[in-house]
């Protein structure tokens, strides 16, 4: 098969450009390489030595480091695709991935965009219109506005109608950016302005809308796959209730609350919503589920999700390869009844951030990296030892994904894998995951989107066993005994992160 | 569940000692850690900084580096288990794992041995007696001697009876050690002596026997699991036909030649052989399969196999955890009808050896290590960057295992993973695997134990694309341009492997 | 060859003494009226494998001046460690936090919103300024209770890493 | 800042010239009557990321004296590279393999069997001695055709790394 593939190259793309960076660019390169498709990376100045540049077959410069001048520069990306003879572009997630102009420009340039068409993207990508589409498809939605908010007064009026607390959300949003929780009328004004400004910075679009805030809901989403011939399947749910700053940090499937019957109903609803706009390729329909197990359409993400690997682990389906085959024009090679779920999977998103200091970002050089491996462990990483995590982008370093035959094995394996993961030089949220996995509520599967707010306080991820502290003290002395007097040393590489730490003291509240 | 496990520690071992080193010790530590069992590592002098020592909860010195004074020192191992209060010992593979004295001494010391009982081990571990057992269980065996050989004359006589070519094999053997291929009567004498000497060095037992050499057979083995209550299942086959120096280097499952019907028949035969000796815990029954798909019992390995992970990948069953549960006295938690096989898995054994020079071992310091990861990739490794591969033991560095939904995806993924694997400072057989995966016969699944002898010549794994050579030359110049004059440098770490290389020139035949 | 070293270590605001006598793979440590015997191996300049009473610990140490950051079995510790000579001069210099303290930008970014004005009273831990960096808005807090002595920046201003944003007295 | 260097490189038994003019991230290389422009980044002392005409290559280089071992995209190359000064002295010294060559032990082990005796004629590549190391028996071969001038060891003898086992003339 492989040999014949090579002899008959016309049955797949000749070259794929990945319009993204970090772990997702690496993920797409891996899928393409496994299919024998050469890859083109693009990079900003600070990403010249990024892992995706090192791993791709070709790499071309986009521009300066700020994303507006690089990964958001659509013209430049199309230009590079053309000059490098790439006949397809994968957008990854974030950046331009949900901008309908992207598929439109690709179409005009004769390049295949690996994702939905512009019209479906426009309709589902705009959160407000997506809510309308869901309503029309008779899928319940969270109460709120069906049009973008004009101004603060309108926001306040509607908030009073549907009742506090409410959420203000970016119409173009995703990933928790441009989202604000408003508990009382007095908080609305500043939240409205912050959300607008963050939305503008993240998506170049300051439109926001308003939704009722459900009390301790679960976030449960469904992966769908659709070909251009009207065939569509769902690949089951992912529960993403564990969030900090409205951004997912732990995801798992199956959801501990799911039943076969509810999965069938929610899966049907997801397919209905996606069908309503003629959706094609991979997408995700997000729902909130309340304590009565009633579900509400939240939004649709018209691209690959960060957390797609857990679905891959339980279904055995490589979603990126499916995306490429669907974009090439292949028919879905399986039907809904062929989709089987085996065991349980969980993902932890490893961020460069300080869990003891409000998850504040912590960029800098990675001095030492030990990644976990072994049975059931997958590390989708965008970093390497020596890499300097830049300040310009989302601080996601890698995704640690594990599979187990049931949730109990998965949790034990995740704890084991976390204990093997070592990243030094920058702060990460690794200790935070160890804390989560020790919580009774988490172990029992009692999850909700306010789990962290309800259960976590900054000191929690830092409980030092006293004997370990003694060991640490002795290790420090042992290390010092190998050096000269303490003022005679300090290499350049050592300095940068620690100086930064020093400067951050003003922000600490230990 | 986890929480209740913690509250009720009496339902599993209190502490597990692993009487082994390298990747398999790490593998067992991982399983134990996932189950919440504290671990004890043991080490020889050159393994003080071994990965298994670093990863275990506790670690104790066995003795000097030679295995006879460390990993084969049964008394010392029992002593450490007792003083560290370990209530179970996992033997791994190799070393003492198939020595019936080991379970016997454990029993006497009140420690649980994670493996079969001494009598089953004795009966199946001795290759000659195992053949008798198989015959009694009405399972066909390869023609040959049913008693150990007395001397060369007897060997020659029997070889003439069953016809050349023949194999001389260590009665206590395994892993290709103490095995010699004899094509003509003239070769028999030196092969007989070499096999005896190697058997003695490897197993402390110089007994050898003789088997007819089948022409281009496949090596297909079945994994079995048995509890102490008479329940036994097989977990399907592994094809291990790709061998160099009679040692497996690539394994996969399912076998490309397997049918459901043959799997059922061979699986039944495997269970019959193991039942015949009252086998308990995990074991493997090996067969040779000839071109007519007739199969012959070869031997039984009364321990965990190196290649066990591929079975784990397709069944979802963690074999080490099952071993621990069975040793604890649990009943098998599933029956034969519950065993399902999903997709395809393949393993490459990464050795410190030179594929261009007869697979000659290449110990030394690992200067740079980049391990592959991402979808479907598992790396069971015993090394890390900076580790000095010792000269005293088997040169296995790690096992690269991949899973795919079918053999085609598995091969594409393996090639991708191999392209990511970088080990510098020592020679490895990584280029050799790239060669194997490019062979038409391999891609077509036409495997046999003489595959490498038939298809491989040393230059094959070293085809340099000319443009890459130009790049390499320019890279060398670029690197040199950052240094002073060429005689002014050379760090200590750089030196050792390269000096060694220099000395090896006398052995090269390029 | 045996090397002997003495250090002062700050634990719960008390300076304690630690002395260490070592060869290349064994160390005798006196600390808190206890003797420890450590079997150690150097993995690299900043990494050690320790065996203490049979327990295995993997340790990474990064040191800058008097500050050592130790990661042991994945848990991080910040340790103040000085040699006795520097300890003397440090005691004489006197390190305390009663003077004005500035809140500075941890990385390049933009001031999104000022939450306080000059002259305001603040509590330790109270949010004082919101900056945007790495595509996230982050609230910086006052390191101590006191009065805002100076606000050095205005809203929407771009700031560099380390730049002083405001001063609390 | 621009640095210029010149080297001689041995390719297929011919010494060729290579010159390289570089800044900290761009190099102009003249080699085999071609000009190459390399966009490079240093990952560490011995590792580079290269972009040449858009193609991305990851390279590791370890150098000892005139010998550089280069791994590029996972493929290894042994390259002889000298600067012009050393090249002169090397030419004058004359390096050839017509004299006696010894077969030495690549690592500590035990001589299992001698396959030749003093005075035997051997072909290049012919097995001459079997040693056991890392639990495997390994046959060492003659590096050239000639006569066995000397056998320095006997069967069952333990040998150290680098120890001469026999000499072929």
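Letters A, B, C and D name the chains as they come in the text, with residue numbers starting at 1 for each one.
Just so it is clear, a residue touches a chain if its C-beta (ideal position, glycine included) is under 8 Å from a C-beta of that chain, and two chains touch if they have at least 3 such contacts.
All figures in this text were calculated on a predicted structure; none of them were measured in a lab.
Chemist: What's the minimum number of touch steps needed to get from subunit C to subunit D?
Modeler: 2
Chemist: Comparing the two chain pairs, does A-C have more C-beta contacts than A-D, or is it the other way round?
Modeler: By the number of C-beta pairs in contact, the winner is A-C.
Chemist: Any idea how many Å lie between the Cα centroids of subunit B and subunit C?
Modeler: That gives a centre separation of 47 Å.
Chemist: Roughly how far is subunit A from subunit B, centre to centre by C-alpha average, rounded to an integer in Å?
Modeler: 39
Chemist: Could you please state the distance in Å, as a whole number, between where the Cα atoms of subunit A are centred and where those of subunit C are centred?
Modeler: Roughly 32 Å separates the two chain centres.
Chemist: Can you list every residue of subunit C that touches 2 or more other chains, as numbers and ranges?
Modeler: 58 - these are the residues of subunit C that touch more than one other chain.
Chemist: Could you say which residues in subunit B touch two or more other chains, in rising order?
Modeler: Expected reply: 55, 419.
Chemist: Give every touching pair of chains, nothing left out.
Modeler: In this structure, the chains touch in these pairs: A-B, A-C, A-D, B-C, B-D.
Chemist: Which residues of subunit B touch subunit D in their complex?
Modeler: Checking each residue of subunit B against subunit D gives 177, 190, 194, 197-198, 201-202, 245, 358, 360-361, 363, 367-368, 391-395, 418-419, 421-422, 424-425, 430-431, 434, 462, 464-465, 468-483, 485-487, 489-490, 494-495, 498-509.
Chemist: What does subunit A use to touch subunit D in their complex?
Modeler: Listed in rising order, the residues of subunit A that touch subunit D are 40-41, 48-49, 53-60, 84, 386.
Chemist: Which of the residues in subunit C end up touching subunit B in this complex?
Modeler: 25, 39, 41, 43-44, 49, 51, 54-56, 58
Chemist: Tell me, which parts of subunit D touch subunit B in their complex?
Modeler: Spelled out, the residues of subunit D in touch with subunit B are 3, 5, 7, 9, 11, 18, 20, 22, 27, 29, 31-32, 36, 38, 40, 42, 46-48, 50, 52, 57-77, 79, 81-83, 85-86, 101-104, 106-109, 112-113, 124-125, 130, 132-141, 143, 161-162.
Chemist: Under the definition above, what is the set of subunit A residues touching subunit B in their complex?
Modeler: 1-3, 26-27, 30-31, 33-36, 55, 309, 312, 316-318, 342-343, 370-371, 373-381, 384-385, 405, 408-409, 411-413, 415-416, 419-420, 440, 443
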